[in-house]
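One structure is given below, encoded as structure tokens.
Naming follows writing order (A, B and C), and every chain is counted from residue 1.
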Amino acid sequence: MQIDILPRWLRRTMALGVLTVAVSGCSGADGAAEPAADAAPVDITGAGATFPYPLYSRWFEEYNRRHPDVRINYQAIGSGGGIRQVQNGTVFFGATDGPMTDEQLAASPEPLLHLPTVIGSVVPAYNLPEVTERLNFTGPLLADIFLGRVTRWNDRAIAAVNPGVALPDRDITVVHRSDGSGTTFVWVDYLSKVSPAWKEQVGVGTSVKWPVGIGGKGNDGVAGLVKQTAGAIGYMEPAYARQNGIPFGAVQNAAGRFVASSIESVTAAADGAAATIPDDFRVSITNPPGDAAYPIASFTWLLIRERPDDVRQSAALVEFVRWALTEGQRFAPELGYSPLPASVVERELAALERVRVR
Amino acid sequence: MPRDLRRRLVSTVMTSLSALSVLVALVPLGLLLFFVAVQGAAAISLDFFTQTPRPVGEPGGGMGNAIVGTLILCGTAALIAVPIGVLSGMFVVEFPQSPLAPAVRFAADTLNGVPSIVVGIFVYAIAVEPTGGFSAMAGGIALGVMMIPLITRTTEELLRLVPASLREGALALGATRGRAVLTVVLPAALPGIVTGVMLALARVAGETAPLLFTAFGNRFWSTDLTEPIGALTLQVYAYAISPYDDWHRQAWAGALVLLALVLGCSLAARAATRRLERMHR
Amino acid sequence: MRRSRPGRTDGVFRLLTTVPALLVVGLVAAIGVVLCLDARLSIAAFGAGFWTRTDWDPIAGQFGAFPFIWGTLYSSGLALLIAAPVSIGIAVFLTDVCPHRLRAPLVFLTELLAAIPSIVYGLWGIFVLVPAVRLLQEALPPRIRALPLFEGPTVGVSLLAAALVLSVMVIPYISSVTREVLRAVPRHQWEGAYALGATRWEATRVALRYARVGIVGAVMLGFGRAVGETMAVTMVIGNSPQASWSVFAPQYTMAAVIANEFAEAVEDLHLHALVEIGLVLFTTTLMVNVASRALIWQMSRDRRRRLAQCPVAAETP
């Protein structure tokens, strides 16, 4: 969209801006402790998914310690925002938990590469002060709760899969994301696969029309609301639940077992999918086969422009991604993410060659 | 007389109610200042001013970059808004017969009431999308747009306060209108205008909504106007809605610093106003 | 005699001030035009139905703004219901009742409420007010909690929390304008009442009656503020696009939905729908401005007329 209003004013302020930049550049008024490097620092801005944010913020910090001249500023605005802003070119790279649709890719002004960085899961986290055991859920039960059909914690449907647990007589407060989000995508993608009612009434997307519940902004916001509200249930990435001491339930997988999210159970989910991953890496791995698989698992992707104008930024970003896919993977488990299978990493490194760096 | 008694009783009750309403307003003020002071003071340290934010799960870190960011954003906003605001205020006073004068006054009042989030959308459309990125410059423009009406109206009011004799004296000595205003009237009003600018800065320094899609936030030190930049308000927002106790503490500390900055600025302006008033008397 | 020779420097001065003046006017126009342009898809797709439709469904590409309008009007209305009487009380106290020594510090303290940034109100709202609202809701007897006005689960983040924060935030605006309006009431109005043996309240009532138009204007100004308030409301209202009568239900406002979704909307239509909401906020402020100006104008006209009838009364500051 091009708008040419107030050209004189705009031009003047822009000129002013350029002038100020020039002045501040000359005076070298940079507060950071830069080593006297031969190259000027590279600043890269990215935005998108909140799902991998704990890991990404760790990665960017660690990478900056190793390469003080590369500073990657990542803002967790949500996957929808990641897609939109990278398409607009307002950020250099995006990040999303739900792959872009074919139409979105077609509408993109330049080719975008989807690169899985890590495997994550989404867990049903709840706040029930009375219950100390880990609760069990089935897919259809979670769908019914989020459809507003099951409204109290001592509902028979919940009791049926949690024998021996004294369920309190409390209202269920559903907490969901208020913003567009890949975490939402993974969650509703799973619910749609296991519940025809969900698929018909709500559907799949990065933000959906929630039948019930209250909205929190970001994984952060949802975790905050669940933590503050007795009787709440929300979906989030397990790192957010663990770091806040919010318990989360086990979910019945396609093989009929109740499995809780763990590094191993999520890797088990990805194992089955590894063979069926397409060349563009856009694939859903929710509700996979396998006894040990946790059913609500997903890749999370970086969206990288294949033909960017600024090759310095591009080269620095590609170097970072290479590091993240190899050495960086070891930071994943401690933050609750499962590392990528080696075969996937290999294919990604090959795909990375497509990005213009000079 | 019972009727008289009733009237007096009603009067006493209503008078007490009016006193009570002052209390009703002061209780939340007291609670708010109390919580910010206590929680903020407990969390603040030297690191808070010198460090950048740490990744999730690593304790410590600070908002040094965001404090600098807020100052840069305010400075940019002032560079844009002060010339436009002062000159347009001058126009309203000097050319009252022009049909543009009431239009400027109306526009300034309207602009003053435009919700800050709407200013954010507007600046996103004119300064983020066309230039291809979020930037400190865009954030400064957004805050500048919010400052302009405040400065226009302050300038107008203060120029009117300058005694007509000053201007007429200058004109009688053969000065042109422009010369008279710029060399005699404006300097007389200048201290007041500076005060007004400080009050306007205090107001925009506390703004969050117009920065969400313009300045965007940055976890690193940055002084580059073409790059996204951190701001105290953005950082407090991000930390406040997070679920980490450590980040909540940082948010309170950030709120304390922000409040000190904003209140300090407006208190200084207020003190200056009082001195000016005394001088004029 | 003001008109000295229109020399060259005067031309320069005129130009120097005219350009920024045009810019200020142009800025308001530009905001309107940009909002209209960026909302055109949504305006074309939904027309007037946008305001009455209740579904906000980014997947299906259906956008109706009713829940946000409802939440905005409800929270602002409730806030004014609390803030207006309190503000008028404050204004009366500070103008008429308050001991002289206390006046300046109290004026300062009430105006301090306006200097506190929205984000600080929001932070305080999340950690102090929201838990308090939850406690209040839990303390209500079940019979009251069954009423539609108070029903729903105890969440804390709610319309009531937003209205309470808003009311505190608009009090300084309404009370300071009301104070000015009351100060503008000619002294003879009060003195006349006292002379007739009126009690303090009766004299105040005379003054309030006299100033009522201006007070309505002050309240309207507060309404404009409340409608556009973003951060503090976003943080405590719960962000749930379901219109409800219950004050304990989480709801949503127009400003909050823009703050939450604007940077994240993927589809153009979604973005344009958000901008259209912004356009309404903009139009609202425009109308509030026009209306409050009309009221002030009417009041000054009334005053002129009354002064004409009563020429003895000199304006005393």
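Please note the rule applied: a contact is a pair of C-beta atoms (placed from the backbone, for glycine too) under 8 Å apart; a residue touches a chain by one contact, two chains touch by 3 or more.
Computed from a predicted structure; not experimentally measured.
If you take chain A and chain C together, the chains in touch with both are B.
The chain pair sharing the most C-beta contacts is B-C.
Chain centres here are Cα means. That of chain A falls 36 Å from that of chain B. Centre to centre, using the average C-alpha position, chain B and chain C are separated by 18 Å. Multi-chain contact residues of chain C, defined as those touching 2 or more other chains: 23, 27, 30, 34, 38, 263. For chain A, the set of residues that touch two or more other chains comprises 1, 3, 5-6, 47, 216-217. Along chain B, residues 125-126, 241 each make contact with two or more other chains.
Across the complex, chain A is touched by residues 23, 26-27, 30, 33-34, 37-38, 55-60, 62, 130-131, 153-157, 234, 238-241, 250, 252, 260-261, 263-266, 271 of chain C.
Listing the residues of chain C that touch chain B in their complex gives 1-2, 4-5, 7, 9-10, 12-14, 16-25, 27-28, 30-31, 34-35, 38, 85-90, 92-94, 97, 106, 108-110, 112-113, 115-124, 126-128, 168, 171-172, 175, 199-202, 204, 224-225, 227-231, 235, 255, 258-259, 262-263, 274-275, 278, 281-282, 285-286, 288-289, 293.
For chain B in complex with chain A, the touching residues are 54-58, 64-65, 68, 76, 79-80, 125-134, 137, 141, 144, 216-228, 238, 241-244.
Interface residues of chain A facing chain C in the complex, by the touch rule stated above, are 1, 3, 5-6, 9, 47, 77-81, 83-85, 104, 171-173, 178-181, 202-210, 213-217, 225, 228-232. The touching residues of chain A, counted against chain B in their complex, run 1-3, 5-6, 10, 13-14, 16-17, 20-21, 24-25, 29-32, 43, 45, 47, 53-54, 57-58, 60-61, 64, 71, 73-75, 88-91, 216-218, 220-221, 223-224, 227, 239-240, 243-244, 246, 335.
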